[in-house]
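See structure below.
Order of writing sets the labels: A, B and C. Residues in every chain begin at 1.
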Amino acid sequence: MTAPLLEVEDLRVRLRTPRGPAAVVNGLSYTVGRGETVAVVGESGSGKSVSVLALLGLLPERVATVTGSARLDGEDLLTMSPERLRQVRGPGVGMVFQDPMTSLNPVLTVGRQLVEGIRAHGEVSKAAARERAAGLLAEVGLPDPQGALDRYPHELSGGMRQRVVIAIALANSPALLIADEATTALDVTVQAQILDLVESLQADHGTGVIWITHDLGVVAGIADRVLVMYGGRCVEDGTVDDVLERPAHPYTRGLLGALPDLAGDGGDLATIPGTPPAPTDLPGGCVFWPRCPVRGDARCETEQPPLQVVGAGLSKGLPHRAATWCTEGSAR
Amino acid sequence: MSVVVFALVQLVPGDPIRLALGTRFDQETYDALLARSGLDQPLVQQYLTWAGRAVTGDLGVSFRSGETVTSLIAERLPATLTLALASILVALLIAVPLGTISALRPRSLVDRVATVLSQIGISVPEFWMAIVLILVFAGTLGWLPSGGYVGLTEDPAGWAQRLLLPAVVTGVVSGSVITRFVRSSVLEALGADHVRTAQAKGLPRRQVFTWHVLRNALLPLVTVTGVQLAYLLSGVVVVEIVFSWPGLGQLALQAVQARDYPVLQGAILLFAVTFLVINLVVDLLYTAIDPRIRR
Amino acid sequence: MTGAPLPEPAASPTATDAGVRSTQRAPRPRWRETLGLLARNPTAAIAAAVLVLLVLMAVFDETVAPDGPNEISVDDRLQAPSWAHPFGTDDLGRDILSRVVLGAGVSLRVGFLAVAFALVVGALVGLLAGFYGRWVDDVLMRFMDVLFAFPAVLLAIAVLAVRGPGAGNTALAIGIVYVPVFARVTRASVLGVREEVYVRASRSVGASDWRLLTRHVLPNAAPPIIVQTSISLAFAVLAEAALSFLGLGTQPPNPSWGLMLAEGRGFIDIAWWLAFFPGMAIFLTVLCFNLLGDGLRDVLDPRQRTLMAGGGR
């Protein structure tokens, strides 16, 4: 993959909080290719959401400091002018947010919210924009798209609203779609429908997708590659098969172990003891070591492990990398 | 509620007819008046008569002047309404821009100054501010008259001049309350998730602000404005006195001093009814502008 | 597809252990902590200090005041502020500073009495309405609504018209006006905690209503009531001044700030200090109670606290 769609390099986000500066994202680098789906997983507070909000300049300027680079088609999102960034939001990057209940404006009709997005990027007549909005709603599987245009968000169910949010994100055929816990608030059947929808849209438009979730079931179903975040860092990445079937980082293994085993004997759910580190007070050394069940290396406590290749690139020639000192039986 | 109005006022000690007659007291006139006013009837009877008439707009006759209470009130109502509406206008003109700017730059100098000013506005006694303003603008500077009222049709310039100071006094106080409300409301709206959605769509800044922040933030302003208007209708009592503004507040106070039951009852009933009407209008208005409440 | 959620330590305890968390949230009034936090808010701390000073001044008024408040001195009529009379003298030659000092006692006493009345009656009504619900709630709150429908100043005027003027009746009148406010605030907080797990738990082990109310419901309903008290004190002082200004409150020759203002109003053109200093006293007192109320709200109202902590996200 020579020219990735999105190339994020050494992304760092500091937030000013009442409890002091918080290092929320600490040197994140990854790429997303055209038509590729990258899943970002991790617990709450691992910096997943903040890292993508930072890409679009959606963090409050007064409290957030963002450094590094994020090139979309070669153009750095983090340094472009506000006006250029506005132009990129929509046609360049579409974003679907977590909570369908709050991510639509309750006092404007669905149609209006779609139309204004369409008309913000090019001379389109109101009627034409409305036509396209109805088309989009049909595309995301909303029954009676014409009628839905004049409905207010509260008149739609959660699943329907999320489809509207997705329609808004897709309104300008974005090159990159970012979905931040887009299906977490939905029930399982609706979730499945929406995943199918995104996959088919992706096939049609060649859209690159970043899918943020803490749901490994979704990851297995939709992603090409997985990036595991912990403490604002990427602790492991690779293809879905590599990461889910041969997890190298103790944290990833913990996550997988924490999956409830439906076929199992109903025994205790494995959990990772402790809580993620506070971004105001990150441990030195490996970010995971305070909770790590292995701690198999003298450097764990003192030295930050680099992200390095742990196995042979299995599928599609993509590397499988992990940031840990404790890789059992892997290349070292 | 009319029961409460009635009971409240009936409990006023003192014999109103004796007071109305003053020194020209003689038993015959007294008895005649007593019979005519119905004050010799049992209280329940009196209430029923009063309430029955009130429904038809007949609030009785003033002990003092002999005029009907309805006409007395009708005479005073325009002045009070004018003042209340002018005040709310002043209040909104202060509050919406100031509150919005504060919210856009929280903890900035503008915000701090606005916060201090609104805190002062809430704490300042209206009648004192009225006196100080009269001293400065009517006394020292001599720009404006110190009080009184002329009809809009008779002398538009004089009307406006006399309206300005009282409207500013009550407007500043209400405006301070509303400023704080607008600030927190806009601040809350700025942090709403749907604002991020709007930004992510690539809408121009101004459009995001007008349609996704301000519009949502100002919806509840209707309620607050309604409450403030109701408050102003009674809050202007003191200001009416200071500025010799011939409104309902002045009428009510004079009625208390003269123990003029029917007038006091009428005035209080009117205030209470106005309060309810305003609440009703606010509810209706809210239903009209907030799609979430519409059914 | 079966979604298999990862453990979310930050989120899962909320869902599964709501009871445990609620119990932790049932706070003894943490006076130490509250005072500590309040001290870190300079505005509120200064306001509190000024108020303490004011109360002390009101308590030791005779010792603090340079002259007797009603000491008439014809030779010293309408003196402008000077070293001998920092706030000047009035038309009867009475020292205005002394009268302002003594007026503090009157204003504060009426204010405290009014709010105490409103607090006791209102909190009781709110507690009963919120705790027992059903028809008790309906009857009590309907009555409160009616009372609330009357404009405050007018209601007070009507009460004073009934009871006659004077400091005690002024306090009663203002108190009656604020009963519905306290009833509403209390009821809302009671409703908020009534269904909490620890209250239901106590009830299930057979705790009496009285015990439930005093040990669990009241302490939890306290924070908003405390905030409301401070803010109501501000408005009670303001209302007392307004009523006295109208001639319905404190009667002469007692020095009430509102009354002094009314008396000074006639001399505004020739002796501004007569009306200015009492007005300033009212303003500062009201301001301090308001600032203290704001400070208390920041400290005691956890919603606002979390709102500020989450501001960056």
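Simple rule for what comes next: a contact is a pair of C-beta atoms (placed from the backbone, for glycine too) under 8 Å apart; a residue touches a chain by one contact, two chains touch by 3 or more.
Per UniProt, the chains are A = Peptide/nickel transport system ATP-binding protein; B, C = Peptide/nickel transport system permease protein.
Please read all numbers here as calculations on a predicted model, not as lab measurements.
*Asks:* Could you work out which chain's C-alpha centre is the most distant one from the centre of chain B?
*Replies:* Result for the farthest chain: A.
*Asks:* By CA centroids, point me to the most central chain in this structure.
*Replies:* Centroid comparison flags C as closest.
*Asks:* What whole-number Å value describes the gap between the mean CA coordinates of chain B and chain C?
*Replies:* Averaging C-alpha atoms per chain gives centres 23 Å apart.
*Asks:* Calculate how many whole Å lie between the centre of chain A and the centre of chain C, each centre taken as the average of the chain's C-alpha atoms.
*Replies:* 50
*Asks:* Please work out the Cα centroid separation of chain A and chain B, and write it as a whole number of Å.
*Replies:* Distance between chain centres: 54 Å.
*Asks:* Show the residues in chain C shared as contacts by 2 or more other chains, in ascending order.
*Replies:* Those would be 311.
*Asks:* So which stretches of chain B touch two or more other chains?
*Replies:* If we look for residues of chain B contacting two or more partner chains, we find none.
*Asks:* Chain A: which residues touch two or more other chains?
*Replies:* none
*Asks:* Which residues of chain A touch chain B once you look at their complex with the stated criterion?
*Replies:* 53, 56, 58, 82, 86-91, 93-95, 97, 99, 102-109, 113, 116-117, 120-121, 152, 154, 165, 168-169, 171-172
*Asks:* Please give the residue numbers of chain B that touch chain A in the complex, ascending.
*Replies:* Counting only chain B, the residues touching chain A are 192-194, 196-205, 207, 211-212, 215-216, 219, 290-292.
*Asks:* Within their complex, state which residues of chain B touch chain C.
*Replies:* Contact set of chain B toward chain C: 1, 4, 8-9, 11-13, 119-120, 122-128, 131-132, 134-135, 139, 191, 230-231, 233-235, 237-238, 241-242, 249, 252-253, 256-257, 259, 264, 267-268, 271-272, 275-276.
*Asks:* In the complex of these two chains, what residues of chain C are touching chain B?
*Replies:* 146-147, 149-154, 157-162, 164, 234, 238, 241-242, 245-248, 258, 261, 265, 268-269, 272, 275-276, 278-279, 282-283, 286-287, 290-291, 294, 311
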